[in-house]
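Across the two complexes that follow, chain A remains constant while its partner is chain B and subsequently chain C.
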Partner chain A sequence: MGMFKTAEEFEKVIVGFFNLVADTPLIADKLLKSKMIIRFKYSDPDLIVVIDCSGDKAEVRPHDTDTKEIVEMTMSADIAHRFWFGMVNLTKALTRKEMVAKGPIPKVLKLLPAIKPSYAMYPQYLDANGFEQYNITKAYKPPTA
Partner chain B sequence: MGGYAGQILYVNLSSGDIEKKTLDRDFARKHIGGLGFGTQIYLDLIKGNPVFDALSESNPFVLMTGPLTGMKMNGVARWTVCSKSPLTGFWGDSNVGGFFGAYLKFAGYDGIVITGKAKTPSYLFINDETVEIRSAEKYWGKDVYTVTDELKEDLKPESKKPGQVLTIGPAGEKLIKFASLINNKGHAAGRTGMGAVWGSKMLKAIYVSGTGKPEIAHPEKFDDLRKELKEVYEESIGIAAIHAAGTATHMDVGIISGDIPIKNWQMTDWDQIDDIGPTEIEEKIFAGHKTCYGCGVACKKNAQVKDGPFKMEKGPGPEYETIATFGTMCLNSSIESIAKANDICNRYGMDTITCGSTIAFAMECFENGLITEEDTDGLSLTWGNSEAIVKMVEKIAKQDGFGAILGQGSQKAAEHIGGNASDFLTTVKGLEAPMHDPRSAHGYGLAYAISPRGACHEASLTFEAEGGMIYIPEIPELSADLPEGSDERAQLNVVAQDYGMFFSNCAIFCNLGGMPLNATQALNMVNYVTGFEYTLNEVMEIGRRVWYLKRGMTNLFGARAEDDRLPKRLMTVMEDGPTEGSLPDMDKMLAEFYELRGFNADGIPTKNILENVGLPDLAELLNTA
Partner chain C sequence: MLPEFFEFYNPTKVVYEDGVATDLKPELDIIGIKKYFIVSDHIINDLGLVDKVSDGLAEIGFEVTDKYLDVAQDARLNDVKACADQIKASGAEGIISIGGGSVIDTAKAANILFSEGGDLVEDYSGAHTLTRPLKPHVVIPTTAGTGSEVTMVAVIYDEENKEKLVFVDKFLLPNLAVLDPQMTISLPQKMTAATGMDALTHAVEAYVGTQNAPISDAFAIGAIELIFKNLVTATKSGDDVEARGAMLIASTMAGIAFTHSMVGCIHGMAHATGGLYRVPHGVANAIFLPFGMEYNFEEIKEKLARLAIAMGEDTSGLPEEDAARLAIAAVRKLARQLNELDALPIRLRDVGVPEDGLEAIAEGAINDGSSFYNPRDMDEEELLPYIQNAY
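So, the complex of A and B:
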C-alpha cells in the first residue's frame, strides 16, 4: 500500500497541483511553448492524467484516455509525489525503471528547467489545501480540536 | 588471440630504438588491457628508480588500448594513457575515445610505451609494420587542428588507408601543466597534463594507419550479443538523452539536485543557467553530431559561432564539464564564449576542467582584491565577464603575462598569489575537482578524496552508481538503495573502484556509452571477444589489483593521508538550495574506507594487502620508500 489510500484522494492532490502549475505563468508559459501533451499513468493507486499544452492554455484532464499523447510517463503515485518535492533522483529513477518514459525523451528533459519552481510550490500547496498529511518535508501534526 | 592486436611498441626517444614485443597471452589474461597493462608496464619500468620529475626523460609514458577497442559496438572505442602527472606530481592517467585506439589496433599494436627524450621535435609514424621516429620541426609550434590536417595530408601518399593523428598543441610544447593530447581535434586525454609529458619529450604527435582488424574469439556469440544489446540501447533513456543533447543534458538534470557548482562552488542555483543549457545550445551553437569509432550513441556535438566576438568555425563543441567550468563556475551566461573557450583549449591542447576552474579561482581572487588589473595585464576578471574569460584562456595558452601563472594550475597559482587564495581552491592532490558537487551525493566526496590521480568523478564508478546512471544488479553495492548522507559510501567506493577498474580502465567501456550494460552483458562482451571466459569474481580481483597499483603509485610519488582530503571550499556548508546543510562526513567515510582497503595511518596500503592482491614488487617498493 502506497501513501495514497484511494485513487480519489490522489486525484484531488495531484490534479489540484497540476491545475495550480497550469495557472502559474512562470511555468505555464514555458510548457505552452513546448506544445507537449503528456499522459501520466500512475499506479498504486491507479490514475491517468493528461496535461495538454498544445493549445493556448495548459489543460489538465484526469481520466483522459482518448487524447493522443506525445510522451507517456509511467510511475507509482508515491514516486510522483516524491518527485514534486524534488526528492527523486531522476536519473536513477529512469535507469531503474521506477519511471518509464515513452516518446521523445529529450523533449521531456527540456521541460525540467521550466518546472523547477514547482518543487518549492508543492509543499506549500499541500499545506494550503488541507493536504498537510502528505507534506513529507515536515513531521505531520494532526489538527487539534 | 581474440580482441588483441598481439604486439606492443616500445619506443626509446633518446636512443631512437624501436622494439615490437609480442603480447604474452598470460599477461593479457591477467591484466585484460588499458590501464591493466599500462599500470603494470609503468611500474616495471620505474621500479629501479622511482624518484624523478614528471617532465624529465626518466618518466615513461604508456598508451594502451583494450580488447574491445576497435570493435564496431557502442561505447568501446576508448583507450588509456598514463604517466607521472606534471600538474600534481602524483600518478596521472587519462581515458579517451575517438578513433586513435581503433586505428592503432588496425595497424597491429595494442599499445605504445615511450621512454627517453628526443633531441629535436619528433613524431612517430606508424603504418602497419613500418614504425619510424621522424622530425616534427615542420609541425612544432602549430596548433592541434593544423597539425592534424597537415599530418594526414602529408602522410596520405605513404598510407594504404587514411590515418589518425594524436597530437599536442602549443600548450604541451610550452609545458603547460594541464596540457592535453588530442585525437581528431576534439577527443582529449585531458586530465593530469599528459600533453606536457609529451612536450618534455619533444614528441609532437603520433600518426597511425593500419589495414588489419583484431579477431573475435566467438564471432557468432558476439553478433547475438550485439542484437540483444540493440534493444537495451533503444530502451535506455540515458542514451536517448545524450544522443540528443550530449552530456550538456546534465545542465537540466544536475541543477535539480544541486550537483552543478556555480561561482567557484559557492552557489547551487543561478537564474541564468538556462542560457547555457541544452535548449540554448541547440538554438545558438549546435552544428551537428559527432561520434567515436563504431559507436552509435554519438554523444559528441559540433559547435559553430557564426558571428560576434566569439566567432568560431565549426568544430567540436563544449561538453558538460566544459560548459560548467567556463559557464556556471564563472557566472558566465554566454554559451558562445564557452564554445570559443573550448575551441581555444582544443586548438592549443589544454584540459578544460583545470583551465576553467583555474580562471574561476582567479576571479574569486580578483573579487577579493588579492589580484588586480595590474596583475592580470589589464583584464577585469569579474564574474560573468565572458570576454575576459576568453582572453585569459588565450593568455594561458600562450603563457602570456598572468596566463603563465595560471598555466601552472590553480594550486601553484594560489602559492604565487598568496594571502588567503588557497581558501578558493577546489583541488585534491593538485587536481581541480570536476563539475559534480559532493554536497549533493556524499560518496563523490570520498571518491574525489581517495582517487589516485586527484579529484576525479571517473576514477571509479561511484559517480555513475550513486548518481543513478548505472544499475548493476549482479553486484549488491551497485544496485542498492543507498540511505541519505554518508552511510555505506565507503563500501560503495570500494566496489565501484574494483568494478570500475575492470569496466572502464581495463576492458575500457565508455562510462557514457556503456551505461546501459549490466555486469553480465559487459563480461560476456569481453569473453566473446577474447575467449578468456572470465568470471565476475575474477575481473573484480583484477580491478582491485589495478586500483591498488594506481593508489600505490601515487603513494610512491609522495601522497599520504593528508592528501586524501577535500578542500575547504567543497566542505563549506550551503545555506540554501538543494544541498542546504549537507556536508559529506569525510572523517567517517575515510576511516571506514581505510579499514576496508587495509591502509595504514599514512594512507598507504599495508604490505600484507599488496602481497595478497598480487603486487609484491609494489609492496617492497613502498616498504623501502
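So, the complex of A and C:
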C-alpha cells in the first residue's frame, strides 16, 4: 500500500497542485511555449491526469482518456509525490523503470528546468491546503484524539 | 564523493582484433543463430566492407539473408520502417550493422519493429518502453566516434514531423561489438578527426557531468588517454593499424561512459548548431569542447585537474586551478594539431555559422535535453559569451 489510501485523495492532492502550477506564470508560460500534452498514468492508487498546454492556458484534466497525448509518463503515486518535492533522481527512476516515459524524451527533458520552481511550491501547497500529513519534508505527527 | 545511486550495465560483448570482422565464428556460435541481415550504407558498401564481412560469414557457415544499404546521413524513420520490413521478409534471425552512428541507430530501431512489430513512434519512442530482449544485433563500427555499438540509445529523425525521436532502452544494447581497425582504415582524414573529437567530448562530458560514477569515470579516463595518444596519428597516417585500433577502443570506452553518465552543455550547443546550420556533430563538439569546459570551470575544476593527467599533462606541484586549466589547454592543442593537418575546423565562423546566429545557438542549447545533466545551471545570457568566443 502506498502513501495515498484512495484515488480520490490522491486526485485532490495532485490535481490541486497541478492547477496551482498552471496558474503560476513563471512556470505556466514555459509550459505553454512547449505546446506539450502530457498524460500521467498513476498506479497505487490508479489515476489518469492530462496536462494540456496546447492552447492559451494550461489545462489540467483528471480522468481524460480521450485527448491524444504527446508524452505519457507512467509511475506510482508515491514516485509522483516524491518527484514534486524534487526528491526523485530522474535517471535512477527511468533506469529502474520506476518511471516509464513514452514519447519525445528531449521535449520532456526541456521542461525540467521550467518546472524546477514547483519543487519549492509543493510542500507549501500541501501545508496550506490541509494535506500536511503528506509533507514528507518535515516529521509529521498525526493528531491525537 | 560517491554518487547517491548509480547503475552500471554493459551486456555487450566487445571483441577487438585486426581483421576480426571477417572471422566471427566463436562469437556468432555463442549467439546461436545462423541467418543474419546486414544493415549498412552505400559508401561502406562501395568501399568493399560489406562484402568483406559477408564473405567472411559465408566462409564460417553463416547466411546473409539480405542487405539494406539505403541508410541516409541521418538515421530516418522511413528508412527504419523499410529496413524492418526487408529484414522480416528475408527470413533473418538477427542483424549485423556495419557503419557509423546512423547505420547502427537505424539497425537498433529496425530491430524493435523486427522483434516486436507495432508502431515505432506510438509504441516505443521514449525511455525504457521495451519489456524483453530483442533479436540478436551484432555491430561492426566503421567510425571511431559515436560509441553507438555500446549505448542504449538510438536517435531517429522523423522527416514528416521534423523532429528527432529518441529511443533509450537497455534492450537496445547490441549483443556484440566488433572492433576491427581494418574497418576504419579507409575513413577519410576529416571524418577521423571529427569523430575522434566526438569520442573525446563523450568522455569529457561523461566525466564532468552530474551523473558521473566511479565505473563510468574509469572508462572515460581510459578513453581520454587513448585519444590523446592516438588521434593525431590516426588522422595523419590513416593506415596506422595501432592508432586506428586505439581510437576504436577509445570510442567504445567513451560510449560506455556516456551511456551511463550522459552529456552536457557541449552537446547542447552542438545539437543546436547542427540543427540550425547543419554543422556535423563531431565538428561542432570539437569546436565547443574547450569553451564548454570553460563555462563549467568553477563546478568541475577538481575533475579537470585529474583529466589533465589523462591528457598527458604534467600537473605535479601545480595548484588545482592551474592543473585544471592545463586540461583545457591540452584540448585546444589537440584541436590545433588536427586543424594544422587541415582535418578539423576550430571556429564557428569556419563552418558556415553566421555571427548573428549565435544567440539562436545559445537559446537552442539551453532548451536541449542534455542541459539537464550539465554541472552548471544553463543560462542563455551567461552561455552566450562562450559561444561568441567560439566564433
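Quick note on the criterion: the second predicted complex is superposed on the first by the 141 of 145 C-alpha atoms of A that agree within 3 Å, B and C clash if a C-alpha of one lies under 4 Å from a C-alpha of the other, contacts with A are read in each partner's own complex, and residues count from 1 in each chain.
One rule holds in what follows: a residue touches a chain if its C-beta (ideal position, glycine included) is under 8 Å from a C-beta of that chain, and two chains touch if they have at least 3 such contacts.
What you are looking at is a predicted structure, and each value in this text was computed from that prediction instead of being measured.
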Check the residue A:Leu109 against both partner chains and state whether it touches chain B (first), chain C (second), both, or neither.
both
In the superposed arrangement, does A:Thr95 touch chain B (first), chain C (second), both or neither? both
Identify the partner contact of A:Ala120: answer first if only chain B is touched, second if only chain C is, both if each is, neither if none is.
neither
| field | First (chain B), second (chain C), both or neither touched by A:Gly86 | value | first
Practice problem: Considering only the touch criterion stated at the top, classify A:Ala128 as touching first (chain B), second (chain C), both, or neither. | Solution: neither
Chain A contact check, chain B vs chain C, more residues touched by chain C
Dual-contact residues of chain A (chain B, chain C) 89-92, 94-96, 101, 105-106, 109-110, 112-113
Residue positions on chain A within touch of chain C in the complex are 71-72, 89-92, 94-97, 99-106, 108-110, 112-113
Within their complex, chain C touches chain A through residues 4-5, 7, 9, 124-129, 163-166, 168, 170, 211, 262, 366-372, 377-378
Chain B contacts chain A in the complex at 237-238, 240-241, 244-245, 249, 252-253, 255-257, 273-274, 277-279, 467-471, 515, 578
Chain B partner, complex, touching residues on chain A are 86, 89-96, 101, 105-106, 109-110, 112-113, 116, 119
